[in-house]
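Each structure below appears as structure tokens.
Two complexes are shown next, each including subunit A; its partner changes from subunit B in the first to subunit C in the second.
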Partner chain A sequence: MRRKQNFWDEIQFIDRRWLYLVLGVFLVLGLNLKCAVSNVCAEEGKDFYATVMKVPEGGTVLIQSDWTTSTRGESQGHLESLLRILMTKRVKFLIYTFADPQAPQVWRNVIRVINEERESQNLPVYRPWVDYIDVGYFANAEGSSIAVRNDIRRFFSRQVKDDKGINRSIFESPVMTKINKVGDADLFVIVTASATLDVAVQRLSDRVNMAAMVTGVIGPTALTFYQSGQLKGVAIGLKGVYDTEYMMANGLNTPGPDGKIVVEYDRSEAPVPKITEGKTLARGASYIVALHFALGLVIFAVVVGNIAMFASRAANKGGKRR
Partner chain B sequence: MNLVTIDFIKLTLGVLATIGLYSVLYQETKIYRFFEHVFLGLAAGYALVAVWTETLYVNWWSRMFGSFAEDGTTMAEPGRWAYAILLPIGLMAYFVFSKKNNWMSRIPIGIILGMWAGQQVFIWWNTYGPQINATMQPLVPTTWDTWFVPYMVGMEPAQAAEIRANIHLSQAITNFIFLLTFLSAFSYFLFSFELKGKFMLGFNRMGRWFLMIGFGAIFGSTVMARFALAIDRLSFIFVEWAQAASRFFG
Partner chain C sequence: MMPWLAQADPRLNMWALPPYSPQLWIAVIATVLVGILLVFGLTFLPTNLRRPIVTVMTFLAGSFYVGLWLWPQPVAKVETDLPRDMVESVGFWFQDAQQALANVANILTAFLLLLGMYSLLRIHLGRISKKHPDRAFSVVLIISMFLIVIFGYADWRMRTFLDPQNLLELKTNWTIWNHGRDILFDGLLMQMDAAMFSLIAFFILSAAFRAFRIRSVEATVMMVSALILIISLMPLVIYQSEMLIKAWFPNPSPGSFNPENYKIGTIAGWVKSNLQTPSLRAVEFGVGLGALAMGLRLWLGLEKGGVSV
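Right, the complex of A and B next:
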């Protein structure tokens, strides 16, 4: 190991655990700082919001929820904001996963929490069978997606308990009565942290309108699909969560109290309304300050590290000359 | 035990596991190892049960045996005996551990490979067809009324549709940059012949720069994702657990 000769060397060889500690302190500070962050929403996020808001009241959305607690920081915010929009618009949904057997328990927790939140606000809660159907986990994303493409009624031909506790085919439920093929769904939304996005786009994007909510890691792949029109809109990472919440609170092309439009959307000349009931700014809004702190710290550390490297080289060269 | 106590115990265990796993940031200790093994064991055990309850039972077992109606005597769904054939086919995969009979494991593997291969033609087209199509961008402006796309909010739909049908100068420039990026990055992967001349070498180098900028953006997005996960864990400890603790301690 190189010997530390001066201050700049000390900076370069600082114990990484100090950096972790500083990062942790910054994140906790950011989480506890309650302040509004102004936002410029990403174009793909605006398209995502506009696409979801186009689904008519009483319509049906297919949700493929392929995430577990390992990406809770991003995907839970995604699913929460999506469900809040659907519940406000009284849109019904079928939810399932092709990715992980742990995923169903995770979304069941999210639905329960949002229902409790709505109940506390005297808003109608979403009931299984009447408002949504939960069909759980299916192995083999490739084979299952093909089966959905070919014959959705046969693939999901299973019985669940109706609102009276009697086993009935899910296609007798108000959620699924009009669904004879996958294209009959008003929208297909995949909330994912993995390559099941590719599998779904490859097998279903030519049959049904598709949008995605993905983690920052999957974001670049999703953007390619978005640019080519295979996805109608994408919410990416924590920024995507905050964008969605921000649009839920402000709408698109919708004037605020001062008459100014907060979020402009040039793909539509008409306003896309904001969400008028329940929570809008939630998980994304409470995490975004901490994310800014963390990214600011990284930029600072990179700049200081580079200055230290050049300064250390210059100092050591000078020392040799002497 | 009331719900507040259960909630507090559950979240406290979660907090201990989070701190235990994050202790690896300080150094690898027995505490970290313990929680790592607990996590792996729980995940494996949960997955095993969930595969049966969420998939095999509903999609295979109950379809094979059918189900009774509420009266318990008439069949609501008839059993389909052909599903029984799937069991021996699946079990054949385990013959991969037998030196003598491992040829049998190739049967289920062959079925899976065949299914996979059969899907590839339309999957290729479904993946790349729309992307190739989207690469064909117009480069010549069709209107010179304004250089930029006019502000359309609040405009009549017919008027907005007319504006959208035209290519403005700003859009043509954007499309040109897109095409330049695409072709130069594409040229970087031409390995079949040697690129000669200043123009081709420069174009190739430009493609490499664009690729590196792209990789940087991807890396940045990944870093943001990792921070989001850390923020969520800290929120779990300092917000969710703290709230549960304040409820528990009154």
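Right, the complex of A and C next:
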């Protein structure tokens, strides 16, 4: 015969749809609450920002963008903040993927949206050929990474439209003229949600300065490469997006209006400037309240689940004694 | 033999023909014809000869990458560079050939996408023709696939051939084809993809409530470290806790209790640096050794399961 359930038993075996409803309500609330959240940036995130900000004006960055829509909550914020920094510093970039055929369309949307945003703010937009080169998708990450390491000019020896609509080699564009080997790029940034990070680091980290923007799932792996010095900096997950945006808004070792330094950076005494044009607090800032609610709810669920378990055990033992 | 293969004169190096050149087109057409003849010839081979051929091809392909890894390589070689001795000749050959092999590997991998499409069509057209109870889903899949292909191709064609000034970079210049692609890809596929992935959040919450229980010492250690790491992802909580510590210990005396060490961010950083990352590094070592062993078995033809023909 089935034992009569007490209150704590019922809490333990609550219908999961109630949990889903609570999470849904909390997320909707979090996404609609617009409030400034103070932040303590992660060390690896500060290194990432400092590394990107070191790229000189007019320099060239290689971006391997290996993410698609399934992780856009994190990766889109990563790519957007990276592009905003590069565009502000007038840094040129070559963008490609070794991971997924959908990835090019996803980054093209991001570039278009940021260009439209900049146009609405009367800022110069980024033009293909002149400011960036989009070479698309390559199916084999392992072989392609070795090829980039050995001879980047041969591997990317393809033609794209120039600003007059004539097909020309990408190495004739202002973006790539000074690139003879992969190490000539000022920085290599991989934005990824997959194990292409391992391949890129293993094949390229001894040839070019590398930094990464990865999802929370890939974060622990990225930290092993960061600790070994193969990655100069890492932005991890949604917190990494918010960290980057927060540093874009406040700089590192840079005094705010009240004269106080908002984000301190121990590795260098020199200030790393903040971003002075366009948007700084964007996607990360609009998701961070929802992240707090979701994580708070997870902690609450763990605590309540355990209290219910112990209370239920105690109640059942007491019942047996009687 | 290797210096001959290296073709020291760059004008004669078959791996280094300039892109879009007539010589390259001739080489490509000749290679395709030879490939077709070779595949046609292979179909006449007796079945018992297929396994040795696969094994030999695997060994040759693997040997190339082993050689590429071991042999000294030129750095930043340009087209006019000439090798001075046999070592450089072979290094040049390896590097030039590797680029071609990378392209071959890319093309072969891209063929898998085509194979995937063929497989999907075969299964779902079969379901429709056999009037399977769930055939409505198959119809939706096939219609969606063709719509995306048609609009995606039209969009690509317009951007590549009909838009020399890159006017289509701005949404205001789009035509119905660009909007169609945008609705299908960005409006539907992207949203559904993200929605599917977001379901994980609901499962995590349910699992946290039902399964994350303190039933042993190990589970307790795991829960405590998980809670610290979760809290470390909440900027507001870390910030407030740091402010609290600063208020409680405004002037910590050097050499005694250091409140800096008890900040949540510091503890989380310690857990990541001293527990999480070393454990993961050990796992990566294990995976690497396993991959090496498996690679050697495949390369040397010892792995029977990998060469089924």
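What we mean here is this: the second predicted complex is superposed on the first by the 318 of 322 C-alpha atoms of A that agree within 3 Å, B and C clash if a C-alpha of one lies under 4 Å from a C-alpha of the other, contacts with A are read in each partner's own complex, and residues count from 1 in each chain.
Here, contacts are C-beta pairs under 8 Å (C-beta built on N, C-alpha and C of every residue); 3 or more make two chains touch, one makes a residue touch a chain.
Keep in mind the model is a prediction, meaning the values are calculated, not measured.
Partners subunit B and subunit C clash in the overlay (superposition on subunit A).
After overlaying the two complexes on the shared chain, residue contacts for A:Gly229 are found with subunit B alone; subunit C is out of touch.
In the overlay built on the shared chain, the residue A:Pro257 is in contact with neither subunit B nor subunit C.
Of the two partner chains placed around the shared chain by superposition, subunit C is the only one that A:Val106 touches, whereas subunit B remains out of contact. Contacts of A:Leu291 after superposition: both subunit B and subunit C are touched. Shared-chain residue A:Asn150: touches subunit C; no touch with subunit B.
Stretch 79-87 of subunit B is the one among 25-33, 79-87, 169-177 or 187-195 that clashes with subunit C after the shared chain A is superposed.
In the superposition on the C-alpha atoms of chain A, the part of subunit A touched by subunit B in one complex and by subunit C in the other spans residues 20, 23, 27, 70-73, 101, 105, 138-139, 142-143, 146, 158-159, 166, 216, 220, 224, 227, 237-239, 291, 294-295, 298. Taken together, the subunit B residues at the contact with subunit A in this complex read 25-26, 43, 46-47, 50-51, 54-55, 58-59, 67, 69-70, 76-77, 115-116, 119, 123, 126-127, 130-131, 133-134, 149, 151-157, 160, 214, 217-218, 221-225, 227-235, 238-239. Those residues of subunit C that touch subunit A in the shared complex are 16, 19-20, 65, 68, 73, 75-78, 95-96, 98-99, 101-102, 105-110, 112-113, 160, 163-166, 169-171, 185-186, 189-191, 193-194, 196-198, 201-202, 204-206, 208-210, 212-214, 223, 227, 230-231, 233-240, 242, 265, 269, 272-273, 276-277, 280-281, 284. Those residues of subunit A lying in contact with subunit B across their complex are 17, 20, 23-24, 27-28, 30-32, 70-74, 76, 100-102, 104-105, 136-139, 142-143, 146, 158-159, 166-167, 198, 201-203, 205-206, 215-217, 219-220, 224, 227-230, 236-239, 253, 261, 264-266, 269-271, 286-287, 290-291, 294-295, 298. Those residues of subunit A whose C-beta lies close enough to touch subunit C in the complex are 12, 14, 16, 19-20, 23, 27, 37-40, 42-43, 68-73, 101, 105-106, 109, 112, 115-116, 119, 127-129, 138-140, 142-144, 146-147, 150-151, 154-155, 157-159, 161, 163-166, 169, 180-181, 216, 220-221, 223-224, 227, 237-239, 242, 288, 291-292, 294-299, 301-302, 304-306, 309.
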